[in-house]
Each structure stands twice: as C-alpha cells, then as structure tokens.
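You will see subunit A twice below: alongside subunit B first, and alongside subunit C after that.
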Partner chain A sequence: MKRLSIVSAVIATGAMVLSTLPAQAAQTTGVTANEIKLGISSPTSGSAGLVYGNVPGAMKAYFDYINANGGVNGRKIKLVHRNDKYTVRGAATSTFDLVYEDNVFAVVGALGTATHQSGYKAASMAVENVPDLFVNSGWSGFNDKVAYPTTFMLLPTYAMEAKVMAKVVKDNFPGQATFLVAQNDEFGDDARAGFGAASHKFTREFPYPQGGMDIATARTILEAIKAVPGKPVVVLFGTGDATVAMLKAAEELSLTKKFTWLAGSVGADANTLLALKVKPETIDGVLSASFMPDAKDLTDPYVKQFVAINTKYRKGKAFDNYVLAGMNSAMLTVQALRAAGPNLTRDGLMKAIETKGSKFASAGLVPLGYSATSRIGYNGYWVSQINAKGEGKPYGGKLVIYTTDSGAGAVTENKTFVRPTMPKNGIPTNK
Partner chain B sequence: MKNTNLKKGFVALIASTLVAVFTVAIPSSASAAETCTKEYLTTVSGGVDFTKCVGTDVNGSKYEIRMPAKFNGTLFTYAHGIRYGVALPANPAAGTPAVPINYEPEVAPTEAVAQSMLAAGYALAGSGATSQGWNLTELTDATLQVLQIARDKYSKISKVVAWGNSLGGLTTQALSEQFSGAIDAALPMCMADSAQAEITMAGDFLWGLKVLFNPAIKGTGYSAGQTGYIEMLGDLAQVRATLTEIRTAIIADPLRPKWPTTSTAPANLQAIPVRAAVMLLGLVSGISTQSNTYDGVAGPPGASETTFGAALSPALAVLENGAEAAGLAVLANYDMERRASGVVFDNSTTNYSTRLGTAGTTYAAALSGLDAARGILLYLSAMPRVKSDPAAVATLNSIYQIQGKIEVPTIALSATSDHITPAGAAQYLINQYNDAIDNGKAKAGKLVVIWNKPPNEYTKFGASGAITPTVPTNGVGHCTFTTAQVMTVAKMAATAAKTGKIPSSTAVKAAIKSDENLFVNPNYKPDLLKFRQ
Partner chain C sequence: MISSKKRLVIFILIGWILLLVSDQASPLRLYQGSYIATYALAIASIILLTGYSGQLSLGHGALMAVGAYAGALAIDSAKLNPMLGLVVATLIAGLFGLLLGLVVARLSGPYLAGTTLALAVALPPLANQFEFLGAQQGLPFDVGAGPERFGEEFSQYQWYFWICALASLIMIWWIANLISSKYGRIFRALRDNPVAAQLSGINVGRQKVVAFAISSGAAGLSGGLLVILLGGVSPSAFPLGVSFFVLTGAVITGLYNLKGVILGGLILVAMPEIADSVVSRVGGSEGLTTSLPDFLVSALLILAVVFTPNGPGHILKRHH
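The block that comes next holds the complex of A and B.
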C-alpha cells in the first residue's frame, strides 16, 4: 500500500511536470542563462527605410552598450531585426518569423499601425503571450487590452496629438483658415477623431493614402489653397516622406512662407527633412508636436549620453530624432527587463511595466502613463519650432507640456512633471 | 486491416461490413473490361516494375490501378480536382485551344509524384468520374469503386490511404467521414470547402466585376440548354476582356490606372485608381493578396520599394488571382445551377462593409485610403443583388458537408495563400473536428494540418517590372506543392495508416525540417472563407 502511494506520488508529480512544462517554456522562450533574445520588425529599405531605417540599429547600439557593461542581470541582449519593408504582408511574415523561427522572448519597437496590426495577428502574439513592447504607433486601438493583451505603446495616441495641435492653433492662430493634409487610414482617422474631440473644424481636409503623397499631389493641394487670404495653417499628419513632398512642392510654388506649417510628430524629423533635400530656409519656422527632446539639443543629458553611445557603437552614422527614439526605446526595454527581476518570465515582464513603467527613466519630456489600466506610453506633447539648422526649440520660447486623453478630456498644461534623471552613464540600475 | 483486440475488432467488423456491402454492390463484371499491362519505370536509383490496369467501373467511370512489383502493402486511392463540366471551344483571339471534358483517371497529383510513389513501393489507384464539374458525390463513389476493385484484385493490399487535391481533397474527406471503415488514413490536400462557401468567394468577386466594371457580365441565372451555354461562354469572354483592360490600365499608369470603358460607375468613383477597387473586391471576397507573381512585400530597389510593396503589389496579386477566381465563378455557377436547377449564388443580404472588416484599415494603402474604400462600399451597397433559389441551394447543400467526424488518422496539407481553395477551408475542417470532439462525435488526436507558406519574398523585377515566375511559386497558387512535399506527407499518411495514429508533433517537425515552406503550428489560424465568417 505504501509502495503504491509512492508510485502514485511519482506519477502525480510526473504528470504535473508534464502539464506545466509547456506553459513554463513559453514563459521563458528566448531566455537562457546568458542571453535574452528580442526582436523588431521595421523597415530599413525603400522610402520608409530612408525615414525609419535607423531605429533598429540605434536600439542595437544601446543594447551593445549595455551588454558591454554587464547586460541585464548577467544576460546579454540579442536583438534580431527583420525588414518588413513597411508592408502589411512583410510585417506578417517578419513578426511570424521572429516569434516562431527566432523564438524571441519579446518583440520591441515594432513600427507602424497597419503593419503591426498585421504582424501581431499573424504571429498569434496574444495567444503565444509574447510581450509587445514600446510599439512605435499612436493608434489608440493598441491600447485595447482585449485585442492586444500583450501590447505596450510608446507613442501618445494620435488623437492626443491632434487635440494638442488643435489647442496650439486655437491659442496662436485665431481667425486663420486651417487645412488638414492627413494619411487616409487609421492614423489619419485617429487624428481626425482628436480634432473632432477638440471641436476643431478645418476649412478643408485633404486625405491621401499611405504612399500616395508625391510632389504632384502636393502641388495640386497647394494650388487649391494658395489664394486663401492671411497665413493659413497647414496641418501635416503623415509620415516624413509626405512632409517632404508637401514642403518641396511649396518650394516649387514659392509658397513656403505663405503658410504656417504644423507637422505631426511622426513626420517632422528635421534631419530627415534636410537629408531628403528640403531647404533649410523652408523648415525654418515649421511647428511640430513632440514628446521627445530635440536630437540636436546636446544640453539635454539624455541626448548627450545617447550621442556618445552612437559615436562609439554606430561609428560614422548620424544621430537624429529616430536614433534618439530607438535608443530611448532600448533603454526603456532594459529597465523593463530589470524590473522583471532575474527570474525573467513574459508575464513578469508585462507586470513590471504595468506596475513600474510610469517611473522608468526616459528621455521623453512628458510623463509615461503605464498602469494596470493603460498601455499608452507617453501622455502628452510639447510644441517645438524648427529652425534652419534643424534644431527644435520650444515654441514661444518656453517649454510647455500639454497632457490630455484620447477622448473628450481637456488639454491642460502639466506644470508638475519632473523628468526622471538620466541613469549614471546611461545604464539603468532600477529593480 | 485492423488489429484484433476487442474494441478495434469491433471497428474492423463494421469496416468489413461496409466493404462487404460494396463488394455486393459491385458486380464482378465491374472490371470485366479491364486491361493490364506490364510497365517499367526508370528511376535515379534503378527501375521499377509495375502493372498498370485500366478499366471502367459499374457506373462507367474510368479507373486506373498501378501495382509495383515490390509492393509495400499500402494502396493510395486518389481523387482528382475539379474539371470543367462542359467542353469549351477554342478561342483564337485569346490563343486558347478547345478543351474537351476530361474523364480520364488520375492516380496522383502529378506524374512525377506517381513515379516517386511507385518507386517507394506504394500502389496507386484513381478514377475519372462520369460526371465532371462539382462532382463530389460521383467522385466519392468512383473512388470507392476503384478502391474495391483494387482490393478484389490484389489481396496483398493491407492498408489504404485516401488522398486528393482540391475538390478531390474534399472528396477524400467525404470518403473518410462517410466510409471510414474503407480506409486506414486520409490525406486531403489543398482541400476545397463546400460548394456554397466556394461559390460565395468566387461569386462575390465576379459580381463585383459586373457591377463595378462591366454590367454585360451575366454571372448568374444562366438560361437552360444551348442558350445558357452561349451565355456562359459570353461571360468568360467578358471577364477576360474586362480584366485585360484593367491590367493594361495598370501597366500604363500604376499609380492612377483608369477604369474599364465598360464601367457605368459614377465619375467620382472612377477617380479612385482601379487597382484599389480590384483590391477591395479581393478583400471582401477573400481572394488572397499574394499571387504567383506578387508577394505583397517586395518592390523595385530604391525609394519606390515601399509604395510598390504596400500599395501596388497586393492589388496586383488580387488581380492575378481574381482572373482565375472569376473564370471559376462563371464555370462553377453554370455547373452548379445546372446541377441544382436554379441560382445558387446569393448576396442578397451580404454586407460588404462587414465583409471587409479590419482588412480595410490594414490594407488602407492598397485601397487608396479609407475614404476610397468607403466610397466603393457605399456604391456596392446600392447595387441590385442576386437572390438564390432556395430549392437549388437545398439541393446543393444536400451534398456532403464537412462534419469533422474523423475516425481515421488524417493529415491535411494546405497552402496559406491558395486563392482557389484558401487555407480557411482546412481551418474549417479543424474547427468542425474540434466541435465533433466536444460533442462526442470524434476522438481527439486524429487530425494534423501541415501548412505550406510561400517564401517571405519572391517577386523579382526586371527592366520592365515584375517578372512572372516560369514555375509556380510554392505556397501560393492552387495546389502548387512540390513532389518532395507531397512525398513527405504521403509517407506520413502511410505510417499513420499502419499505426492508426497521426504522427507526433516531433515526428512531423522532423519530417518537414528540411523544407523551408512547410510548418505546423496549432496557433496558426487562417481566416475562414467569407461565407463562414
């Protein structure tokens, strides 16, 4: 009888081990005693690559820096990048391969809305419980914990951005005609919802499909509005290549100073605009909503540290807002991994961001909003004005941080936020 | 065929009873007209002696049996895919020859596969049913007939695997679910969904072509007799001309291609690039956004790569796939209407906005923006719809439907981007099987689905644009499996027939390890056909 009990106990234990093994394995997929494997799907070629191509390299540079300084709890971070070419199908296969071929622990910094919607679904990231960290999209749908239970956004929502832009227009350009040139997808729809929530009505809207804004189209738009009296405000809510097309068309038509240009954060990197041959005098005065410091502001301790890392780990390559964003995402990732502790699990990582993420050190000039109920990263914007050197300075000479929500809430100034101090040498020590 | 323990013996009893019924049902004269010849096949590793027998079964269906001299005991009975149910005349303008109705038997998906199977020691059998078109019932019966003829002829057959492509894949499943005692394993490949599911997919695309681009397309409600036949041929010509005009327009101006001159859509709708309208039709119909030529990712090197991959490639893929889907819709509608004595396609209550679903936002770039998609959907919502004949639909649905009552080990092979029999058909089989398990009508552990995906990128570019591959792209197109892939799953099925079990996950992964495009993944769940969503 006793023998039978022992046998039963052994069988029971064995059964328990067998039944828990798969779940346990999924929790630690991509993690070994010495390594944490992460993945990113983003474009590094084509027109999208010209704009966003530096992001994965910047993340890798920061991880290399951390690895050279001991890694995270003794583990080195390996970043696997797959070029999705900014296509829906490319993101699907890239993300699928990251999850099932590369067996990454988490996906970090996925870029784009439609692309990441596709990738998330194709790789069954919800079912596989793969953490989806610091997504480079402001589509408010990624904050839906039911549809995207493992996703943590980095950007504020586009609706928030639109509401802040609406306030800027209302406060600074009363009586001027306003025009919206926006990507005609959920990116632009989110923005339109935000402007609507702020009760802002444009004089006219010019929606265009992603990839559909070329100089000829831009010229047509500008020709249609050039006779409007005063100095109308043109809001550009699209990617960098579309901003370039609009500004170049304005150059061709000698209309650069006819309008006040207000560009969304996604398409307003001054370095990219200059690199794509927009004239310095054209970008001089362009307004932009932003949540990050300006990449040219070497007085900013985060920028200064990241520039140093860039110089060492990306030798000879320029530092711009996208490099800054990439390194910032990487630093957030390191803090999240540290916060999850040495016994790293996928659930532990996501829980750590929910409970501690709002306090992570970050270059962002606005607060992080992670909590048990919100997966939105940055919560707010400041408004910068670009000069001919490509520097972004606070519009009006004073840094004003606006916070709001994605719905009907008011846009308010946040006068209490104090950005966390940059960790010494840029190496987080949080727990 | 079965082991002799009590439980399995009971199954064997049922199985032998079924077989006995067929034995009774098949007169000994079934193979009276049979002709057998000794054949020799030269292979890389030497040669294969086999006996090839051809004949006609009791229903008049031609059959063929190939028995290798070194037989390993397992017979594969093959059910072929859908064929034209009517003869098509030559079309000199299109450069196409006359196509007679094909009643010839097939024993394997390709002759290369047949030879590899014989070399591996498997016997092969297959038939060509007396009725072509959507001949699920006739083909199931013909497959059973040849199976029994082979058994009667060769007592050394110990195991039987039923397999088939496309409609033959569905036939295989029908055979398995209705006559499981007659076979030991099933291997449905690129299997079709039910007639209604398939005709809804192709029919939606065809209806869209009609209302957006060419109202001269009849599409449904073909007349009886010779008049209907001529109407059907006229539709084939109209579809071809319309799609050719769209293709020419896209080549002339990829970014802003014009609509066909036959379109009666309002001017503001025609301001939308026609490729976007084609894309929308593909998405609401469930036509794959990857085709033989276009992968939906790659673009010509340089800055335009992004626009091509995001906006043009998926639409061009739908156009390439849609040409076949629309042709199929014409022929299948004609065939099914004749079989069911009435209109079977129905979109009278279809909400195409709902059909588009989240694909509208995901593919906004290829749709030329959400506003363009909304405009086309609004127009479609106002267009006259097609109402089916309830009696005809009932007749169609009286044909076998996938139940998921799987009793023999079943290995399904399905391509993720098949535009004729989408992966959703195999997913439906999985769903039905899971439901059958939950309802106590099937036992767990009898089904494994192996998926075949295309390479991540395969579109190649020359000086004048994308180059259509000279060989079909594996993982896209219809039933484009390689010989090696088919052999891999066939061997798995043969083993399953012997053991009575599907291979373990580890065994499957080991078997497909060297193939970059095959994978198994229980969490991979392709969308069902639109009819089932």
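The block that comes next holds the complex of A and C.
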C-alpha cells in the first residue's frame, strides 16, 4: 500500500499544479499584424489524391503570387494543408487540427460531402464560428444556415446540374430514350431530385453503390439497353472512375456511337478520361456541363493569367481543370479577405461575402449567388461538348448560360450575366 | 498479480486524475485524449480476443460499426439518453459477437481471420441499403453539450473526453478483472493448448464464443465512442483501414498484456501527428509529405514485431 500512497500523492500534487495554469488571452484567431492563416483539409494521397491532389498546391501558388504583390491589406496569406485521405476519420481529425492546433482564421476549399460533414461537426465549426469558405462539394445540404451557419458553398449543386441536363435533353433530343447511371446515395439522390424537379422521367435508371461501377457492371448495363431504337441519351452522373468504366465498356462492346453521352461535371474532366486510357474517338462528342472555362482555353484571360502564375510558382507541374478551380477559389478568398477590411474578424469576413460576394471577380462563367439569405455560390451551368483533343467547347457553337435553383424553379437562359473583368494581372483591388 | 481491490482503487484513481486534468487541458488535448481512450478500448478488446483466447480477428471495424449503429439508432430513433445509447451499443455488439461466434466457432487461424476480414469489408456498406440506418449519409450520434450543472466553462470537448475516458476505463477495468479471474485462465488455456483444455473439461467451443462476445461488446462500445468524435456514424466511418489500424496498435504494444493499451492508443494518435510535424520541419516533396506518416506507422509495426514480439508492455511487466 505504501507505493500506492506515494504514487497517489505525486499525482495529486501534479494535478494541483496543473490547476494553476493561466487561461489563454483572447484575440482574432489566425490573424496577426503580418499574417492571415487559412486551412484546407483535402486528400493528397490515395485514389482521391490522384484526382484532387493538385488543389492545395494550386491555391498556395496563387496566394504566393498575391503575397509577392503586397498581400492583403499588408498581411501575407499562409495556407496550411492537412491530408485527410478522403476518409471521414481523416477529415474529422484534419479539420479539428486546423481549427484547434493550427488555429486557422478560416477553413477554405474543404473537399467532399461525407468528409466535410464530419469535419465540420468534429471541429465544432458552428460553435467556434469558424468561416467555412468555398466548400468543394455540390451537396445542397451545405446551404442550410441552421446546420452550417458559417459555410459558403462554391460549386453549383448536383440538383442544379441535373435540371440543366434535363433541359438540354428536352431541347435537343426529343423523342429519344434516356437512361440515368448514378450512385444510390445522396450524390445520386441530389441528381434525381433535380431531374424530378424538371419533370424528366428516365426510360430506365441504373443505380450503383459508391465505388461500385466497374467495367463488368457497365457492360451489363449497356447490354441491357443496346437494342433500344434510335440514339438514346445516357446520362453518366458519377465520379471519374465510373464515367471511365462506362465509356471503356462501350468501347469493348463497340457501342460508343450508339448513344449520346451526357457526363456530369464531377466525372467528366477530359484530361482525366484520357489519362485513364479512354480513347480520344470515344470522348469526341461527349456532352458535359460546366460552369468554368476550359483549362485549355488560353483565349480566356483568367485561364491565361492562372497559367502564367502556375508556370512561375509551380514549375514543371501541369495546369488542368483542378488547378484552375483551386486558383479560382484562392482568388475568391483574397477578394473576401480584402472586402472584410483591415480590421479582420471572422464575422466581418462572412458579412463581406454575404454583402459583396456576388460581385467578386472569378473565372466562373455563371453568376455567384451569395446574399444575406443564400450561401450558394455558382448557380448555373453552360453545356460543353468535348472533342478528341480533350477540349470542351460550347455545345451548339454559342455559349449559353443556364441558371436555376436546387428546387422547383425553372431553368432559365441567362442573357444578362456579364462575367466581371479580371482584375489587372489577376491581383484583386476590391475593397 | 494485483488483487482486484487494488485494481479497483488504481482505476478509480486514474479516473479521478483524468477528470481533474480535463479541466485544464486545451480542446486539442481533450480531443486527442478522447481518441486515445477510444483506441485503447478497441485495442483491449483485440487483446482479449487474440492475445488471451487466441482467436485472430481482422475485422474489428465491423464490430465497432455494429455498436456505433446500434447506439446511434437508440439515441436517434428510440430517443434514449446518450449514456444508455452507449450501453445499447455494447450489448447489441456483444449479442452480434455471440451470434457470430456461434457461426465461426469451428474456424481458427487463417480461416477465422479471413471470415472476419470479409465481414469488415462487407458489413459497413450494407448500411447504404437501408434507409433507417441513414444510408450513405448515416445517422448522427449526439451526446449533447454536457450537463448544465457543470456550467458554461465545461466545453464540448471536455464532455467528449469525460464520456470516452470514463467509458473506456470502466470497460477496460472489467476486462482486466475478467482476465485475472478463472475466465482468464480458461481463455489462456484455449489459446495455448485447446486439446489439453478440452481434456481437462473446458468446453472449448463455448468459451471461444464467450470470448468473442465479450470482445465484440467492448469493440461495439469503442465504435460508439469513435462516432461521437466523428459527429455521426456512416458507412464511410468504418473502412477496412480501421480494423488494421487498431490491430496495429495492439501488436505494437503487445497482444498478451493489457498494460500497454493506453500506450497503444497514444501511439495510434501520436504517430500520425509526430510524422506530420517531422515532415513539415524537414520539408521535402509533396509525395514525401503525404506518404511519410503512413510509412512511419508501418515501420513502427515492423520494428515492434521484430524486436518486441510480445510488446514493450511485456518488458515493463518483467521489471515488476
């Protein structure tokens, strides 16, 4: 018993000493006189890392460029990245660490639906009032100000995309049979809600579990529909690997020209398709929806500027749609920080986006929907057609922008939207 | 071998210290501490099953998932108190383990391992198919914000820590008692020489099932605790990696001794963090940054197996 009493005495003393440690002083977390610390939780390893791994580096390159040109109101931006490996646990700890260990001012560009749902809650971002900017997910649930009070979406929702697709099919392929290949979870459900809202009924639907679309499954689907007369439209509303599986199966069965392919933006990056060995002849003519210019379109001033930044700050690394998306998010972030003024607070940042965000300059070819009541970012799409070189050009030759909401609102052709001119040299000067 | 009274005193002391320390710890340490406690419990359940009764399970993630879902349903649908929800998690997972054990009782070695592995892969995604299990989105596991009588200073993470640390402590204490009782001797007999055990009157099949059931219950509880920290349970919360992760922790700290479980939990939480900070200090290419943490954990596993096959806890034990 003697050893036990010694041990307990030591421990009790230790506990009393610890109880006298002083509390921490309060200040704006993540902001000093010289620096603003931002955090991003995203995958840079594993299969998701292969696709999205360039995003943090791209954002950092843009921030480096801005830092070299005076920063934001005299402060330099530091981006902390934590690899969440695209798992729920990873995102929970990564986001938590960004908020409580790295003490970031705001989280930007969080990636993935299930991952960010977990990360947001695990880090108590609502309670801690940590701004959650430009989330990389199209799940409309993030627009819920009660559950996600500090979140600002960026991507149009999957429901919006589905509604635009429904209009394209109705306008251009009347009378043809239509088929939907989508996941059997909230990603696919969001799309189904959109098609439903647009009153589109598919001839047949082929749901599959996340990660469960392989070439064998794709062949089964194609075998089932290959005898349908005419030229049916097949909507591929899945991730890149699922789109690849369907197209490659079509190649194997010589059915690539039997169908009109309409690939959702999530899985239709032409570079990825080609890199994963889908033949150029197969992707030639595939329709897709996008809200950004094509990364290969050097006539677009934003693309041209971002390519220049990429060349200077990410030597040797390729420029693709993901790098474009990353730099675009970074540019929006800089404008948000500027609009919040030199006296930077978290509330001030969020208010700035609500009041001025819809006017921010960005590469997006559709409007931004931020307001006091809406946390939706881009709210529309233009329809592109991919050619054998992997370039996406406006379908029908002329760029038509469709805007809509995630609910029952109509899909309208937006003829009045003029994309804000890019700030000179890509350096925002907004207030 | 310490007496059970001494053990109780030690555990109560540890619990009391943890509660005291939690008042001063930062949210980060509390969050990490919660994970450590949760993993320590998961490791304890593996030690019971594999170290003490000799049954290898590669699928503890599935058992954790069963507990997590059971608990979430209890709180979400049946509107039970979160503490009761955790009890439900333990009992349902234990029941599941009992049934599973009855099925696999004849299997051993690689066959049992393979079966449990298949379970770990197949079970969590099953939840995708059922609406009442929340499908892809999952269910929340809400333990509330902490009792009001503790005042405003009592943070969410302190509450999480209290729940995780105390639940784990109680369960680990119970397992420790079990191991030092006649059941522990029976389990060790099963592990070391099933034939001799059978000959001396032990019903090997039944005792294997008992070990499986208890281990599953503990795993289910740790699953419930884990999803508290994740904000909710979903199929993506229990990928195959979880099973290997906790098994790695158990191997590193020694499969044959409960004393190392807290160290095991600490290693599982600390290794990735240490690796991350090493990497950020050393710098290096993006490729190195992302693969180094996993590499370090795996290297540690290999080193542990080569140099301390019975775990460093074993070395501590010898010095008593």
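Note that the second predicted complex is superposed on the first by the 404 of 431 C-alpha atoms of A that agree within 3 Å, B and C clash if a C-alpha of one lies under 4 Å from a C-alpha of the other, contacts with A are read in each partner's own complex, and residues count from 1 in each chain.
Following the convention adopted for this analysis, contacts are C-beta pairs under 8 Å (C-beta built on N, C-alpha and C of every residue); 3 or more make two chains touch, one makes a residue touch a chain.
Predicted, not measured: the structure shown is a model, and the values here were computed from it.
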Practice item. Report clash or fit for the pair subunit B and subunit C bound to subunit A in the combined superposed model. Key: clash
Check your understanding: Does subunit B (first) or subunit C (second) touch A:Pro207, or do both, or does neither?
Key -> first
Practice item. Could you look at A:Gly341 and tell me whether it touches subunit B, subunit C, both or neither (first, second, both, neither)? Key: neither
Practice item. Using the superposition on chain A described above, determine whether A:Gly407 touches subunit B (first), subunit C (second), both, or neither. Key: neither
Exercise for review: Once the structures are superposed on A, label A:Glu186 by its partner contacts, choosing first (subunit B), second (subunit C), both or neither.
Suggested key: both
Exercise for review: Give one of first, second, both or neither to describe whether A:Gly230 is in contact with subunit B, with subunit C, with both, or with none.
Suggested key: neither
Practice item. State whether A:Gly53 touches subunit B only (first), subunit C only (second), both chains, or neither. Key: second
Practice item. Answer with first, second, both or neither: which of subunit B and subunit C does A:Gly70 touch in the superposed model? Key: neither
Practice item. Mind working out whether A:Thr44 is in touch with subunit B, subunit C, both or neither, as first, second, both or neither? Key: second
Review point. Of the stretches 3-11, 21-29, 75-83 or 147-155, which one in subunit B hits subunit C?
Key: 75-83
Point to revise | subunit C-contacting residues of subunit A that also contact subunit B | key: 45, 49, 87-89, 93, 97, 100, 114, 117-118, 124, 127, 183-186, 209-210
**Study point:** Contact set on subunit A toward subunit C in their complex
**Key:** 4, 8, 11, 15, 18-19, 21, 44-45, 49, 53, 57, 82-83, 87-89, 92-93, 96-97, 100-101, 114-115, 117-118, 120-122, 124, 127, 183-187, 209-210
Exercise for review: State the interface residues of subunit C toward subunit A in the complex, per the touch definition above.
Suggested key: 6, 9-10, 13, 17, 20-21, 23-24, 26-28, 31, 35, 125, 128, 135-138, 156-157, 226, 229-232, 234, 236-237, 239, 241-242, 272-273, 276, 286, 289-291, 294
Review point. Tell me, which parts of subunit B touch subunit A in their complex?
Key: 255, 276, 289-290, 295-299, 301-307, 309-311, 313-314, 358, 361-372, 453, 456-457, 519, 521, 523-525
Exercise for review: Within their complex, state which residues of subunit A touch subunit B.
Suggested key: 43, 45-50, 84-90, 93-94, 97, 100, 113-114, 117-118, 124, 127-128, 183-186, 188-189, 207-212, 214
